[in-house]
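Structures given as structure tokens follow.
In the two assemblies presented below, chain A is common to both, partnered first by chain B and then by chain C.
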Partner chain A sequence: MSIQFATKRLGKELQKIQNYLPPGIELVSADNFEEWLVDIRVLDENPLYKGQIYRLKFKFSSSYPIEPPEVVFVKLADRPIPMHPHIYSNGIICLDLLGHQGWSPVQNVESVCMSLQSMLTGNTKNERPPGDEEFVRANRLRPNQIDFYYHDNNV
Partner chain B sequence: MPPPNTPEEGIPTEVTASGSTTPTESIPNPSSQISSTPEQTPAVLFDYQSLHYTQPVDETLNCPICRTPFSTPLTAKKCGHTFCSACIFRALGTQPLCPIDRQPLDAARDLYLPRIIQDQLDRLEVRCPNFGCYKVLSRDLLDAHYARRCEYTLVKCPESDCGKPVARKNARPENGCLHVKDTKCEYCAATVAEAELDQHYELSCEVKTVECTQCHEDVVIQHMSRHLAHECLQTPRPCKYSIYGCPVVAKQLAVEDHERVYCSFKAIHRLTRERSEDRRKLHELKNQLDAVIERLNRAEQASSNNLSFTGLPPLAPPNRQGSVVDMGADNSASSMGALTQGFETNMNLIDNTGAAAPMPYNTGSWASPEDYMLAQFERIETKIEDLRKLVMELDGHHNLRQLNDIIRLNEQLADLGSRVGVLNMHTSWLMNVQRQSRGQQPQPQPQPQPQPQPQAQPSSMSASTNSSASGGDDGASSRTQTRFQGWGDGRRSHSASARRSSGEHPPRL
Partner chain C sequence: MDSEDDFMSTVSSEDDILPDDSDNDDLSGAEDFDFDDEPDPDLGTHKDAEYRKRVAYDVSFTVWQPQDMQKQQDDLINEVNMILDISKGDAAILLRHFRWNKERLIEDYMDRPRKVLEAAGLAQSAAGPQKLEVIPGFVCDICCEEGEGLQSFAIKCGHRYCVDCYRHYLSQKIREEGEAAHIKCPSDGCNLIIDARSLDLLVTPDLTERYHQLLNRTFVEDKDTLKWCPAPDCQNAIECGVKKKDLDKVVPTVSCLCSHRFCFGCILNDHQPAPCELVKKWLKKCADDSETANWISANTKECPKCNSTIEKNGGCNHMTCRKCKHEFCWMCMGLWSEHGTSWYNCNRFEEKSGTEARDAQAKSRVSLERYLHYYNRYANHEQSARLDKDIYVKTERKMVQLQKESGMSWIEVQYLASASQALQTCRQTLMWTYAFAFYLARNNLTEIFEDNQKDLEMAVEALSEMFEKPVTELADSKLKVVIMDKTSYCNKRRVILLQDTARNLAEGIEWPGTKVSDH
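Presenting the complex of A and B:
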């Protein structure tokens, strides 16, 4: 039942996304209802991200949209991981919206992409989160199982 | 789910002469209309989220969680956000907050069914979810259609030990169990059970889909004819005003555009519609005229036959009562007329249906005064019946109100009873104290000192006694003792000072 629920909801979203997406967001592939790839770029003149395109990977569980999707940046030859104090160099994003507490079933792929866009737009620090190397080396958890402590209200 | 008293599809609500609907007449008997076998209930329930809506649905009627039009909407009392019941319960299972603004939300207390949204949803036009059924109907009727009427709903196989679902149209006892009968698919030569043929076309047939020659979309082969007729946007079809001579034949979208904007035959359509309406009105008027003429003729005949009508013109509506008097020409008739009139004014106060209006018009057509009186009696009878109903209704209201009052009075009585009980307790307690102190009187002075302590707890009624008793010094305690002694003497203590009598007040209650 719940698998159907997620599929139906994603079908609706896909239908909408294929018709229209906000500027700077582009659907790369959505071949199934488990994993979608989306390209985003920052629209304004922020020198940190200007001219770059980032690839996002969405993974949906069978309890989507009750549970949040797993969203990470993917590193490819022409798709870097954006520099941001809340984005680890392996692409894992520390954003309360993507955690179990901050997620709400009314969020969708489009709204998540837009949140990430604005999170990048508003950033001025060219740095990784503290303890990035250690985290990247040691972490074996799935991104949405990590218990982040959301402390920064400025992003 | 539609409200339980929704009128059933295809059965108009019947309006009686008095203007009220009688529910007993409009409730259908589903079993008699389809079949008397008990296996006819649907084997699977359809899913509201997969319904196909024939018209675009307003975005505001979509649940923010499942993104489809609400099924059984529920609105949060505090923030006013609305969700499907299934969606919001699922979301609240994870965290008890409104998914939109994160206000605390209790599933049991903070949700209600928004009537107006439900009404809007009920009006949406949907296609029946069954394969093969192309019926389009408003959403509140869908449940009944699916559960009782649709021939394509899957029901239990008539063979009791089979248990597999089969379309209702095939579930006839004379067909037997279609799951054991095999048949050949006409497209791919596979052998399938007859009951599963439709599913086979849909899912497993090897030449499942063919390309539509018009729109190049893949279509299930079995549905090609329907696709060409209803769905394909590329199949040319004539303009819907072609019966008025419009020569346009074009693809679906183009034709719709044409019909909406360009077709000049639309004006003709409007004109013909108006003309047919006019014709209908004309016909009605002619019928009325015929009736009037006939009545006139009859009246003339009657007036020439009956001498008692000579004094009056046969079609004089305002003089109806007068004609009665003339006809009867005695007191009883006139009093009857007055009675009727009085009754009529009464009735006009109750309902303004204008039932009295056609009466003067008809007066001329009564063949004889007896007929007229009979008709009058009949009318009075129906009105009395109406009045009876009204009185019964009033009686019901009255009873209800009385019941309410009685409940309140009962509550008050119970309250008073409990108060009396409390007072009783106080009294008996005070009596005990009195009795005890009387028993202790001959004992030495320090004894009353611990006495006031237990007194302080039970009630405030004894506060004055306490304060005077717990004054602490010997004088005060001796005073209490004298008072208790007085009380022990009964009525004589009544003549003591006012302060004392106030101390004695509780026991006397």
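Presenting the complex of A and C:
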């Protein structure tokens, strides 16, 4: 697949994003068409996430958007990893939308951010996925090489 | 390599069949074994007609070669084409949609033809068949392009994308993800499968071959009774009727025409007599314990408090555990504080703290030693089984040498090939008897099992020794008789062991899987 394919689409997305982004989503950097950083926060009063801002890192392959981007939360001094039963403490997200099976090429950076926002908004459990510690210690795979079993897509 | 494979397959096709005892009559000169005292009521009287009777542990299976599978698909397509009076192309699509269940397809189609056609993506829409179209004002939601003359395509759901994006999408699915018969519409949340006609229209020539290859694979992958032979480069599939729920009662070893023997239940190499579940458990245990096992030597003990392994590296008996800082005496395992001033010289062997610690240590030692006992024997046979590959090569070379030196014909040295094949198969079985025995609850069946195991092991080692003889001796006709004799005895011992075990498994007697104590 030509690199142009991804570049063209990302260029269009960027144009649109720079014009307008939904509330709670902010573009931090998009210096190239390989890696973008975006900040998100939840808009409601959910005590788990209130007042926090989270940093997302998007990585795009040359097959984007046919292939999903790799999306992880990154940890900084003022950017924690949100507590959620589908988010590992190293920032890896277990969400079917980001896997090959659940991804649709009509999705984009904005729609992924919105899905993550609502995934946080709807959550009440102050916990990590089962086996978090072991996973974080043992995992050497890239997020999109992991075969997550999406037990519960409603969380 | 080809010739070696052929040579192997001709021999191995025989090894799940009862050895014909009538052969042994000719070999009665052999001093080592007396066949008459072997407890085998089923053996001995079979003549040619019953020779090929399958033994108790055998499951029946069929090997499908690519041309067989092609023919079977063609036959099914032709049948559906005739019975339902639809084109062959549509028949193929319907059959794939019904996962090659012809009966269900015909039944459903007779009941509700429209619904079946619709579900398989074959229903005629009012607008006629799907085609590439240029629609004014169209914007593609994938590449976000718009423009004059942009060709686009949509399946019945109406989700329309430009042809370029559609092809990128299909290429990703077919080339990278290996999908063909069940590719969904690219739209988010739309579950409509892209029908075969649309695929034919869109799939680019560079993908056609892969696409048809994948379609062919669905014939095997859609059926529970068919599985691919896992040997590298083997194109065959095996059909076997053993169900998943029966895997605690039967170990379905199948053998491909390529000579690869594997378990139909879990696809691992043949692991008779151990059931799949036990094999999984054992392999996991071995993986978990390999480090522990390596650590253990005369110079290590476990800390009586936290059980972490402590290595002694000097003469001093005063030990401090690096992990929990517990201080104890190496000699008696007792608290160091109880030793008072008798530094470096333990004389407190009777102290209570020491006795308890020694007991606990002994217990964990016993369980570890028990595991190591079985593991070492398992690993030894595994290694020897690997060496068997070398023995094959050596045998072949020896045979050629033998033929040159003695002028024997090819057929006359086949006994060496049979002998090394028997060695390999028997070692494979032996290896798994040790994993099996590790989980075995002790009862009178255990003893029979262990006797069988011991007999097979002795037979294998006796045959194995034969291969250490120089070629000139191997050419001796007397030795030939001995080797044939020992080969046949090995095979026979293996059959007896597997048969006894299979019978007990089938009867569901307290056997691994039902009463596995977790070590």
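The rule is short, and it goes like this: the second predicted complex is superposed on the first by the 154 of 155 C-alpha atoms of A that agree within 3 Å, B and C clash if a C-alpha of one lies under 4 Å from a C-alpha of the other, contacts with A are read in each partner's own complex, and residues count from 1 in each chain.
We adopt the following convention: a residue touches a chain if its C-beta (ideal position, glycine included) is under 8 Å from a C-beta of that chain, and two chains touch if they have at least 3 such contacts.
These figures come from a predicted structure and were not determined experimentally.
Look at A:R9: by the touch rule set out above, it reaches both chain B and chain C.
By the touch criterion defined above, A:P105 lies against chain B and chain C together after alignment on the C-alpha atoms of chain A. By the touch criterion defined above, A:P65 reaches both chain B and chain C.
Shared contact residues of chain A with chain B and chain C: 5, 8-9, 12-13, 65-67, 100, 104-106. Chain B contributes residues 47, 49-50, 64-68, 87, 90-91, 93-95, 97, 99-100, 102 to its touches with chain A in the complex. Against chain C, in their complex, chain A makes its touches with residues 1, 5, 8-9, 12-13, 63, 65-67, 100, 104-107. The touching residues of chain A, counted against chain B in their complex, run 4-5, 8-9, 12-13, 16, 65-67, 100-101, 104-106, 108.
Residues 141-145, 165, 168-169, 171-172, 176-177, 186-190 of chain C touch chain A in their complex.
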